[in-house]
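Note that chain A is present in both complexes that follow, paired respectively with chain B and with chain C.
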Partner chain A sequence: MQDAPEAPTPPAALPLDGEGGGGRGRPKKNGVSRLMRLERRTAYLLLLPTFLVLAVIAAYPFGQVVYSSLTDAKFASSQPTSFVGLDNYRTLFAMTIRRLPPKLDESGAPVLVDGKVRYESAVSVLPRSPRRYRQVFQFGLLGHRYVLGAVSADFVRAVWDTVVFTVVAVALETILGMIIALTLSSEFRGRGAMRAAMLVPWAVITVVSARIWEWMLQPTRAGLFNALGSYLGLSEGRTDFFGNPTLQLPSMIMMDVWKTTPFMALLLLAGLATIPAEYAEAAKVDGAGPLRRFFRITLPLLTPTLAVALIFRTLDSLRVFDIFQVVLGNQRYSMASFAQDMLISRRDMGLSSAASVTIFVIIFVFALLYVRSMKVDT
Partner chain B sequence: MRRTLSLIVMLVLAGAVAGAQTVVTVAAGAVGQELELTRAAAERYMKLHPDVTVNVLETPDLSDNRLGLYLQMFEAKSSDVDVFQIDVIWPGDLAEHFVDLYDYGARDVAKEHFPAIIENNTVDGRLIGVPWFTDAGLLYYRTDLLEKYGFSGPPTTWAELTDMAKTIQDGERAAGNPDFWGFVWQGNSYEGLTCDALEWVASYGGGSIVSPDGTITINNDKAIAAIDEAASWVGTISPNGVTSFGEEEARNMWQAGNAAFMRNWPYAYSLGNADDSVIKGKFDVNPLPAGPGGKPAATLGGWQLAVSKYSKNPAAAADVALFLASYDEQKIRAVEGSLNPTIMALYQDPDVLAAVPFFGSLYDVFTNAVARPSTATAPDYAAVSRAFYSAVHSVLTGQATAADAVAEIEADVEDITGFPTGQP
Partner chain C sequence: MTGRRVARTRRRRVALRVTGRVLFWLLIAVLLVYLLFPFYWALVSALKTQTELIRTPATLWPENPVLANFRSVLGNDRFVRALGVSTLVASSVTLLSLLVGAVAGYALGKMRFQGRGASLYVILAMTMFPQIAVLAGLYAVIRLLGMPAVPSMILSYMLFTLPFTVWVLTSFFKGLPDSLLQAAQVDGATLLQAFRHVLLPLTAPALVTTGLLAFIQAWNEYLFALTFTVIDPPARTVPVAIALFTGEIARQEPFGEIMAAAVIVTIPLVLLVLIFQQRIVAGLTAGAVKG
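Then we have the complex of A and B:
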């Protein structure tokens, strides 16, 4: 940022930082004057209630979850709990890769169906004891076919789905939010009303809007999207948005982008308001086009706001629960809805807590990456 | 000053009066007309007992979501809800959270109910739930459409159903209703799919996932054939979206007149015959079809009323529960809501039979319903069911073959229960 003109030096008043004797004549202790130590103590005392509240609301429950992730606690049960160490984490992350042999007929030649080799099913190849590994997905490499198996295949898939969901949704929200913010920062009639209307998706409770989307995305022509699709001749009006695995994540992303783009737009709008108009004017006078102005002036100055907005949204997206739970239920999990399913159907509080701690660690890593890469001044 | 004082006095008095009132909260379902019926019953109880207030708490439609809500309350040992409406499959899993109703006067009424259901609700000699209504899967069919396309009667095998559904579907679509489908059922990944899939498997002679004596019998050819056939319906005679249908989604499609056949519970009968229903008087019910060489199977459903151990007024709560499940109340629910009573005498009551004739004609279906293996696999039935319905769901969505899925179910249930495997 351009330096502001130098402020005039204040008149020599009380030596608040301990430099020089001034009128007091008392020596400084450890480079800190008595007054400063008093101030610091007052500061800590004033912050003490906040720390206590944080400890009770955040630290204690978190500590409980971490502890319960090291046990085999059963939810809503009087079964005795025992300490199992990292067993739950081993259950969540145990993975293996096995080669799938091709199906062979009696003479030992590979069976061909439609010219393609058929392979044995994953169930026969993955280990079954002491722990059962389930297929996550199959892939081909160098002419062989492999299967990635995991003890908690649902969890591995949930992590992958959540990360993909986060990356795509946040990218879309940022781009769309930026466009909306730039539009709203220019003067036009009805700007105030637009700013208010823009917030409606963000204000509606997620469960309610998820239900509305569920109605609109119904797999029959009773749903808006299918009705439009069949009216415009684009589809037969029977697209199953939530049952078809290829369409599930895009539908979730669409719902999330609709809901949270206003939030991004609002944050970016606030950031845009802090950029003095003189820079853009000066650049215009110098002959820079709008794109150049955007990338060379607006965007760099917007970086701190953008960083904050991105951190918020990424962390929120990684924790996504409501839309997955309400709409997809048990069909496809996000990390958080997997943890909830473990709790309710398997009543496995230990495993569910381990999944929650994993979510925390993943979010922490993302937050660290953001702070480092965007050099946010913390 | 005087106004403040009188306000305080009024508040204290109100508090005192409220304190004298016993409040009993009932967590009840809201599928179809259930909630209105329960609220009306609560009103009748409150008229008889003016010192008791009965609040009816609405709970989620899907059985799994309801279980989630209940488990949270049990974990917190909450006294917010006194009476719980519990599924027929939950006594084994949740027995420790409920009181023994035999201690609260259930001994006299227990013999009026079906012995099989009372036995289902008895864990270690404790009656943890009084039966409220029972359920069995039924085949709903459109009598007018069957007549229109020249069929003499409802199908008795799944193959017949597939043919009839296809004919009627093609005909109705050609006649100008592109939203018409042949057969709607519950295909979402939840407990309801266990009910539907168990009917297919059992009607083929493929067993009931885990036999009552504790053998895992799901991995057999008949079960594979049954699930394969169901998967072939998706997109042909059933909408692709059937894999996200619960009971209400199927009923909505059926009641709008857009389905020839529906598999659902008896509650949809009275709703279909409501005055504002498009299909009023144009449908009937029948036992579900059978597989080749098998017998028709209907999954046993039904709900019971249980009193929470953490309730502050267990005696009052037990009284409310026993009232709601009494002869007169069950009669009202049968006549108005076509909810199957659990009291045997009601199946001979002329008023009930006049309102819901199939209670008499399909009596055998209800008494011979196939039970899900909740007692054999207690206290892990929820996990077993999840293994079953998620594997079947993956076959319905085309992500796995039935043979693979059935092998997965066997391995999963072995993991959960440790039972040996065998043939049905």
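Then we have the complex of A and C:
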């Protein structure tokens, strides 16, 4: 929108005090302060509905969530709840790392399969009481094999998956969005049509786009990707994109990138429009190539826009829910779909609330990091 | 000798420019396919017969396009009802947000009072507020108030539409010249009269933009809708209906019908977006870049 002039200059006849000025004890004509008081009272009155609504749908519910995260509240039940302190958080965060011993045969030598050492199963080393730990993932370090176990393995995996999802998806969106924005910022015939086409994925409902992609990624050759894969000889046409754990996240990322790149491209395009063309012209005259011009001139000038776009997209992506819930259900969670599933399917309001508070904190930390590192003032 | 070299470099430059052009249009073509193909695929799939739909390998074009999927979706009571509920919810959210947001934007953009800056920041912070963080608490509030699913969705969607609306409208009101307000006041109008008769009509473009964006966001919403309609299935909105879509007879997921439903709910939105694209782009970038 238009550039709003900074703080409108007060009319000469009304020496209004600024914010927090108070203005008590200053000699003032009666009429003036009456007008001011009227203006102030009207302003508060006009803001009242907004704050009332936000109090009912944000402030109070959030307080309630923080409180129930400390109780054993059950969802939609009249059972009395009791205060359990940080138990829910302990359940969420209880983790342990154990070393996996190699499998030994009768003679005590390690079992080798294809020259690789076989390890005992994770269940055998993870604690079972008082609480059962389940495997989150295994990793190798300095020649040993370890397993990360957690009481809420699903939650720990959801946090990990959501962060990976966010980092990869936002990075891809930024690159792709930049390519689209740069293309669209050059003059060519049909630019308007291209910009309109760009808005199509943005206009598709997220749930709908999830189902469209679900259909394109069907595990048979009735699905587009499998049909193409087998046609090009890349696969047998039976790739199960949502059943195979290693393909689940990439499939989710692919869906998300398609849907959200237009937003990124739009913001970057708006940012590009504010950069005077003379800069690039001057550099061109000085003999700078297109890549050099991009990295030395366009990118630095675009940084503020890029920062804001990154913040928006990262925070948005960390609370991803729709596509995970629609496509993966309770097979694999994002942070938000975990919290929702705990609430609705398991009716564990306490645990769900603790997860929600954790998500809030994680998102807050990301926001803070961004604002700090990019020095943008929002 | 030198003449020949000049000619050669010139020819090379021309060749370079031609390849550049070709590559550029190739890039445009690739981007267009990428952006539009999934939607094309949904449309084509919706036009296929059930047998063609499950035939392998998939065909790029329906052999004999039929409207059976569209007919059966539009004959599906649950889907048609969801369309009605979504329209009701999204329009109510839009109107309420505009009403509440416009008065707040007027106060924040044109009046001076203590706590103005703080109010703006509090409202702005709300746009970053994750929906999931209030889900359980909101449900408790709704049970306490004994609200049915539809009004509770309308109320709760304002969590994400209202802050944005207030923010954009504030910057719009700020941009209107002060002299307008003063002239109205000199003529004896109260602050509220000046708002209703002088300033509000001028904000019509901003109202259309923010209204559209609020409508699209509300039309899109899934988390609250899914949760609040668990006990009240008739109140399901379009996203929930499509997520939980099951055919009338077929046990298999009826992807033909799902794609038909997808196309039906997307086309109006795409048209709306294309008609108002200038304004939507302005609104999105005002909301984000300025934030």
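The definition used in the following text is that the second predicted complex is superposed on the first by the 297 of 378 C-alpha atoms of A that agree within 3 Å, B and C clash if a C-alpha of one lies under 4 Å from a C-alpha of the other, contacts with A are read in each partner's own complex, and residues count from 1 in each chain.
Please note the rule applied: a residue touches a chain if its C-beta (ideal position, glycine included) is under 8 Å from a C-beta of that chain, and two chains touch if they have at least 3 such contacts.
Note that this is a predicted model, so its numbers are computed, not measured.
Student: Would you check which partner chain A:Ala55 touches, where first means chain B only, second means chain C only, and both and neither mean what they say?
Tutor: A:Ala55: touches no partner chain.
Student: What is the contact status of A:Gly237 with respect to chain B (first) and chain C (second): first, second, both, or neither?
Tutor: Touch status of A:Gly237: both partners.
Student: Once chain A of both complexes is superposed, is A:Ala367 in touch with chain B (first), chain C (second), both, or neither?
Tutor: second
Student: Look at A:Arg211 in the shared chain and tell me whether it touches chain B only, chain C only, both, or neither; answer first, second, both or neither.
Tutor: In the superposition, A:Arg211 contacts chain C only.
Student: One more residue to check, A:Val164. First (chain B), second (chain C), both or neither?
Tutor: After superposing on A, A:Val164 lies clear of both chain B and chain C.
Student: Touching A:Asn330, do we find chain B (first), chain C (second), both, or neither?
Tutor: Only chain B is touched by A:Asn330; chain C is not.
Student: Figure out whether A:Arg128 sits in contact with chain B (first) or chain C (second), or with both, or with neither.
Tutor: First partner only.
Student: Using the superposition on chain A described above, determine whether A:Ala222 touches chain B (first), chain C (second), both, or neither.
Tutor: It touches chain B and chain C both.
Student: By the touch definition at the top of the document, which applies to A:Ile175: first (chain B), second (chain C), both, or neither?
Tutor: Neither partner.
Student: Tell me which partner touches more residues of chain A in the superposed arrangement, chain B or chain C.
Tutor: When the residues of chain A touched by each partner are counted, C comes out ahead.
Student: For chain A, give the residues common to its interface with chain B and its interface with chain C.
Tutor: The overlap between the chain B and chain C interfaces on chain A comprises residues 75-76, 218, 220-222, 230, 237, 340, 343-344.
Student: Taking the touch rule as given, give the residues of chain A at its contact with chain C in the complex, in rising order.
Tutor: 1-5, 8-11, 16, 18-22, 36, 38-40, 42-44, 46-47, 49-51, 53-54, 56-58, 60-65, 68, 75-76, 179-180, 183, 186, 188, 190, 194-213, 215-216, 218, 220-224, 226-227, 230-231, 237, 258, 262-263, 266-267, 269-271, 305, 308-309, 312, 315, 318-319, 321-322, 325-326, 335-336, 339-340, 343-344, 349, 352-353, 356-357, 359-360, 363, 367, 378
Student: What residues on chain C touch chain A, complex-wise?
Tutor: Where chain C meets chain A, its residues are 24, 27-28, 31-32, 34-36, 38-39, 41-42, 45, 53-58, 100-101, 103-104, 106-117, 119, 122-124, 126, 128-141, 143, 155-156, 158-159, 162-163, 166, 168, 171-172, 174-175, 178, 182, 191-192, 206, 216, 219-220, 222-223, 226-227, 230-231, 238-240, 242-243, 245, 255, 258-259, 261-262, 265-266, 269-270, 272-274, 277, 280-286, 288-291.
Student: Which residues of chain B touch chain A in the complex?
Tutor: Residue list for chain B touching chain A: 62, 64, 67-68, 71-72, 74-75, 94, 96-97, 178-179, 188-190, 239-241, 243-244, 253, 258, 379, 382-383, 385-386, 389-390, 393, 397, 399, 401, 403-404, 407-408, 411-412, 415.
Student: In the complex formed with chain B, which residues of chain A make contact?
Tutor: Residue list for chain A touching chain B: 75-78, 121-123, 128, 132, 134, 218-222, 230, 237-240, 242-245, 329-331, 340-341, 343-347.
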